[in-house]
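Presented sequentially are two complexes of chain A, the first with chain B as partner and the second with chain C.
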Partner chain A sequence: VIGIKALRRQKTKRLRDSVLEFLVFTLPLVVFLVILYGTLAWNFYVSTANWVSTAPDYTFTGLKWYQYLFHQNRFWVDVQNNLKWLILGVLPTVVAAIFLAYLLELAPFPGIESYVRTLILYPVAMSFVVTGTIWSWLYQPEKGVFNTILASLGVQSPFTYTNDPATATYWLVLIFVWQYLGFAVIIIQSSFRTAELQEMVEAANVEGASKPRILFSVIIPNIRSGILVLVSLLLINSLKVFDIVWIVTRGGPGIATDVLATNMIVTAYDQRLASAGAAIGVIIFLIAFILVIPYTIYALRRWFD
Partner chain B sequence: VVRLKSRSNTLKLLVIVVLIVLTCAYLLPIYVMITNSLKTLPEIQQRTYLAFPQQAQLKNYTDALFGSRDFLIPMAKPIVNSSIITGVVTLLACFFGGLGGYYLSRVKTTFTRVIFVLVGIALYLPYQAVIIPLTTITAKTGLINSHFGLILCYLIINMPLASVLMGTFFLSFPHELEESAEVDGASKIQIFFRIVVPVSLPAYASVAIIIFTQVWNEFFIALTLITPKTQTVQVAMAMTQGSTISPYNLQMAASLLTVGVPLLCFLFLGRYFIRGVLAGALKG
Partner chain C sequence: VFKRSSTVLGVLTALGMILSACGTPAAPAVAPAEPQTVIQTKIVLVTAIPQPAEKKLEIFHWWTAPGEREAADAMFAALKAAYPDITLVENPVPGGGGTEHRVVLKARITAGIPPDTFQTLGGAELKDYVDSGVLQPLDDFYATTGYGSKIPKPLLSAVTIDGHPYSVPLNMHLENILYYNQKLFDSLNLAAPAGYDDLIAACKAIKAAKPDMTCLAVGSKDNWSDVFVLDTIMMELGGPAYYVKFFKGEVDVANDPIFKQSLEKFAALQQYSNMRDHSSLTWDQAVGAVGAGQAAMTMMGTWAIGAFVKGSNWQPGVDFGAVNYPTKPERILLFHPDTYGCTVGAPDPAECQEWLNVVASPELQIPTDVTQGGLFARTDIDPKEFPDPIRQEMQDYVSKNPDKLIMDQHGTILPNPAQVEYRVIISTFFASAKPNVADAIQATADMMTTYNVKAGAAWYKWP
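Coming up: the complex of A and B.
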């Protein structure tokens, strides 16, 4: 009997310990997660309410504000621009990163790798506010750096960069690609450097496969997980883009470079249509959620297996 | 590393062309920023942007810090605000994130899987989807009038990232030491603080740099939540931008003040920085 009691006491002690452990380790994280998802749910609730002035109004209006957005010309301009960002912010960056990373593996010059890394990675430490400030000066049509340099070379520059409504978004995306290229290169490089891949490359090299062939039929198929991670991160960051647009063009000229994130701020804080702004927030979240599903599944497997 | 190095001439030519293009593309913006931040206004108006300054005008930096007739938004106070907010968030996020990340990396139950998925989605949550409730909470509680408003928001948003980053490092940390301590009867909490934390300081440094950079550079939340008293450096910077508002030499000086700290972190602690970036990509 004493033995059973002691065993039971030990059991409750172990349970108490594991509960205590659980609380000490995860309580802060869980509390912050609850707040975060709470605000997300709250925002969804606001999007179905009728909050149209500084004072909150939680009268239920269903999908009224979503319909309001869908009938807005500006909303569809935003969607188009966000699509441009998603495609042009991601595809060229990934292709250029793979090309550069491979070139660095092949280049026969010593020290080239650390030089290039430092050179193209420093923008990662900079904010888009500062990058945007510099680039808007570079782009400025009359007093800007690019056109001044072109003029001093005797070239009459045909570009007005972000002042041209037809091409403004592309010039903005270029800033994004410039900023993220270094980041993309180090992620691709790190997935080159697994032991299995190195062996395969070695074997292909010994067999005399050409350099482009090694890239396309050995390396690229075997760094799919690295590419998945990179593509997901870039997709999310180009979807969330706000700072560059806000700083360089404020969505202009007109609404030519407007995106969902800038529209959200204008709607919720300038026009005071909090419910409509919340609805844009929900839409951005849903797109982001769909985009990160493959990445989350991959991360979950990698973490727990 | 495989000896893939090639000595073919086409490759050499290609490498040189790429090097020149990259060097121009990445040195030009920072070169223009630094040299022009040291010029006088007449020099800027001559539009010889690529020339060296005739005499380095360090006065531009005091003007940018404390304001002048041409520059109405002194950066000194925003820099102090940002330092306080970023410092507190970085410390707390690393501490709590280390705890959470350790638990997620060691205990594999359905519950931790659920938390992990929630964390994974929260990691890339667009701020636009939570900003209206966050402004309401901080306004209602009065936190918006002090640094705590932004500190709270940044903590909420950066906890998932800090946990995943720390957890990624702990995953690759050998379990043997911990197991033998467990056999000796130490609790998980003791093991964590006595064994794991002391050897994980480089990991903490990496995560701290990433969180620091992220929070220091954050603009969207700072812009929407801002009150003049707690204005951050990015918001102040954004107000100086535009040629009609302030001359380019002072704008560039203010830009350099804004990126100074993270850029120095990158230059001198580059190793930790890169490790943090890779951990963020779940590469460890």
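Coming up: the complex of A and C.
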């Protein structure tokens, strides 16, 4: 009898525990999903409404605001600039990171290497608002650091940096590359550190392969997963770029450096076209989705193999 | 094993990043939805305490920069002096009257918990709030106080939409002022330019004497300082009636000779301007360039007086001079006011009316406007209240010629969406190495039709 009672008590306790576990697990998840996908759905709903002033107007207008954007010159300038960010913000960063990481691996004094690693990691810890402000001082054509240094060397600088509508975006991307390079180096370096790879490198060394040969034939083919993680992180961060542009140029000169995210804030709050601003938000989301889905499929396939 | 777990980590991180990426765009439009729960709390509070023991007033404003903060304090001191029993709930949003203020205000209004009163410019900015049903008409206030007769008529029409006044102006900022280096002009025997040809002549003389000095400093990072310059050219070539017609969308822009000529003259100013860095300077940095002796002149509103005095330690009439520009064919003042109205559905309507009494009073306007940089809205205040000769003279001119005021590029004639687009067109034009007049004309003509400016600006009556 006692045994049955104890068993029953144990059962209720187990049930209570599992209910508690269930709640602990699902409640935060539900809150997270509601906040994220709820607001996402709401954003899409607003983009199909007719909210054009301070007070909301939820009259359904279909895809009117998407059409409005597609007819807007500014929108296509943004798309081009976002593409520049995607390509130039990612490729040079990854390539430079691989070389830098390898150089650090080859560093003759292991003690110094860890200090250098900490040093180059610092920029990523800074806010874009801070780096943007600092770089706008560096770039200032008349009083900025770069042109002052050039002038002291007797060179009349031809660069006006972010003031030249034709090249301004590239100077902004350079800030991004600088900021993320240290972070990229750390990710690449950590993917060097697998036992398999270390063994392979050692074997290649024993057989007398040159350093560049080891890098291209042994290391790079074997750190693909590290590169993939890095590329996807950089892709998403360069896609959602806002701070650097807003702080350094505010999208100018004119709209030369404007991107979708800055256009979104201007459209929604300066022009007060809330629905059109929401439509830009949906478009940014779709682009992010399209970029990440192929990667996810690839990664899942590797997982199940 | 390592590879596999790093891949999973990668997927998770990537998903996390994309989610956070999506969160950002969604946030602005969605923000209004969040505080809805708060409404109920508010209602409960109000019904639970039918007669609040304490009188309070919530004010939204954007005066947080140095000089502006002191002006805000002067406003609230005037309120305290007139109504000591009102508890002020101040809600300043930093950011120079720009986007940040509207983001917060829009969220509060959409959520149904508006502040009692908030700062707004006149014109299109005000009309947007009126169209949204956010502001109460103030016919009674104007009828009982007679404030409409105390301020210039164009100022009254800047806050009057479809026959009803909706806010109370406490100042007037003038846009079209040319600031110049007084000592340089004296040494070169130059007079303050009255129009475009004078300006070019002065620039040539300055270039000859000081080859390294920029003649006209422009700070176009904010996208509007360069539009100010084009305004002066259009005003001179077309006159005030043309200027108003243009921004009301009543001019055939594509075939308009005056706009074309204005753009050409505007482009010709590039060689006398700081082309290497104007798009990375804000207006106050352009003022600073004059103060540092790098440039001879700049065009900016009344608010630049404070920037010269505080930023460069330059004294008006001694180190720098300032004139309305152009004064050909006539002296017109482009202006916008800072105003306050009462919000529909706000909890303290009686206190808001008392606040408006204070806004309309000389007791508030004298200390506030002297500190902040504009002119007095009331024309019955002695211009000598201003410490500087520049505003003394301008206030005097306004009092004697109230009909010379026209809305400027801030509290605008152009509806808001069109206004932003117009600034972009003009800034793109001026920043370009080879400004394309035909493109700018086409873009402006498209802007007028896309945003239906003719209908959107029809409310504005001038003279």
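We take it that the second predicted complex is superposed on the first by the 271 of 305 C-alpha atoms of A that agree within 3 Å, B and C clash if a C-alpha of one lies under 4 Å from a C-alpha of the other, contacts with A are read in each partner's own complex, and residues count from 1 in each chain.
Here, contacts are C-beta pairs under 8 Å (C-beta built on N, C-alpha and C of every residue); 3 or more make two chains touch, one makes a residue touch a chain.
Fair warning: this is a prediction, and the values are worked out from it, not measured in the lab.
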| item | value |
| --- | --- |
| Partner chain(s) touched by A:Ile120 [first = chain B, second = chain C, both, neither] | first |
| Contacts of A:Leu239 with chain B and chain C, given as first, second, both or neither | both |
| Which partner reaches more residues of chain A (counting touched residues only), chain B or chain C | B |
| Touched partner set for A:Thr54, first chain B, second chain C, both or neither | second |
| Partner chain(s) touched by A:Val292 [first = chain B, second = chain C, both, neither] | both |
| Which superposed partner A:Pro253 touches (first chain B, second chain C, both, neither) | second |
| Which of chain B and chain C A:Val46 touches, first, second, both or neither | both |
| First (chain B), second (chain C), both or neither touched by A:Ile284 | both |
| Partner chain(s) touched by A:Gln271 [first = chain B, second = chain C, both, neither] | second |
| First, second, both or neither for A:Ile186, with chain B first and chain C second | first |
| On chain A, positions contacted by chain B and by chain C | 36, 39-40, 42-43, 46, 56, 136, 140, 191, 226, 229, 232-233, 236, 239-240, 242, 261, 264-265, 268-269, 274, 277-278, 280-282, 284-285, 288-289, 292, 295-296, 299-300, 302-303 |
| Sites on chain A touched by chain B in the complex | 17, 20-22, 24-26, 28-30, 32-33, 35-40, 42-43, 46, 56, 100, 103, 105-109, 112, 116-138, 140, 143, 145, 148-149, 178, 183, 186-187, 190-191, 193, 198, 201-202, 205, 211, 214, 226, 229-230, 232-233, 236, 239-240, 242-243, 246-247, 260-261, 264-265, 268-269, 274, 277-278, 280-282, 284-285, 288-289, 292, 295-296, 298-300, 302-304 |
| In the complex with chain C, residue positions of chain A that touch it | 36, 39-40, 42-43, 46-47, 51-56, 73-74, 136, 139-142, 160-166, 191, 194-196, 225-226, 228-229, 232-233, 236-237, 239-240, 242, 248-250, 252-256, 261, 264-266, 268-274, 277-278, 280-282, 284-285, 288-289, 292, 295-296, 299-300, 302-303 |
| Partner chain A, residues of chain B touching it in the complex | 1-2, 4-7, 11-12, 14-15, 18-19, 22-23, 25-30, 32-33, 47, 49-50, 96-97, 99-100, 102-105, 108, 113, 115-134, 136-137, 155-157, 159-160, 163, 167, 171, 187-189, 192, 213, 216-220, 223-224, 234, 237-238, 240-243, 248, 251-252, 255, 258-259, 262-263, 265-267, 270, 273-274, 277-278, 281-283 |
| Contacting residues of chain C [partner chain A, same complex] | 2-4, 6-11, 13-15, 17-19, 21-30, 32-33, 98-99, 102-103, 105-106, 109-110, 128-129, 131-134, 220-223, 274, 276-280, 294, 416-417, 420-421, 424-425, 427-429, 431-433, 443 |
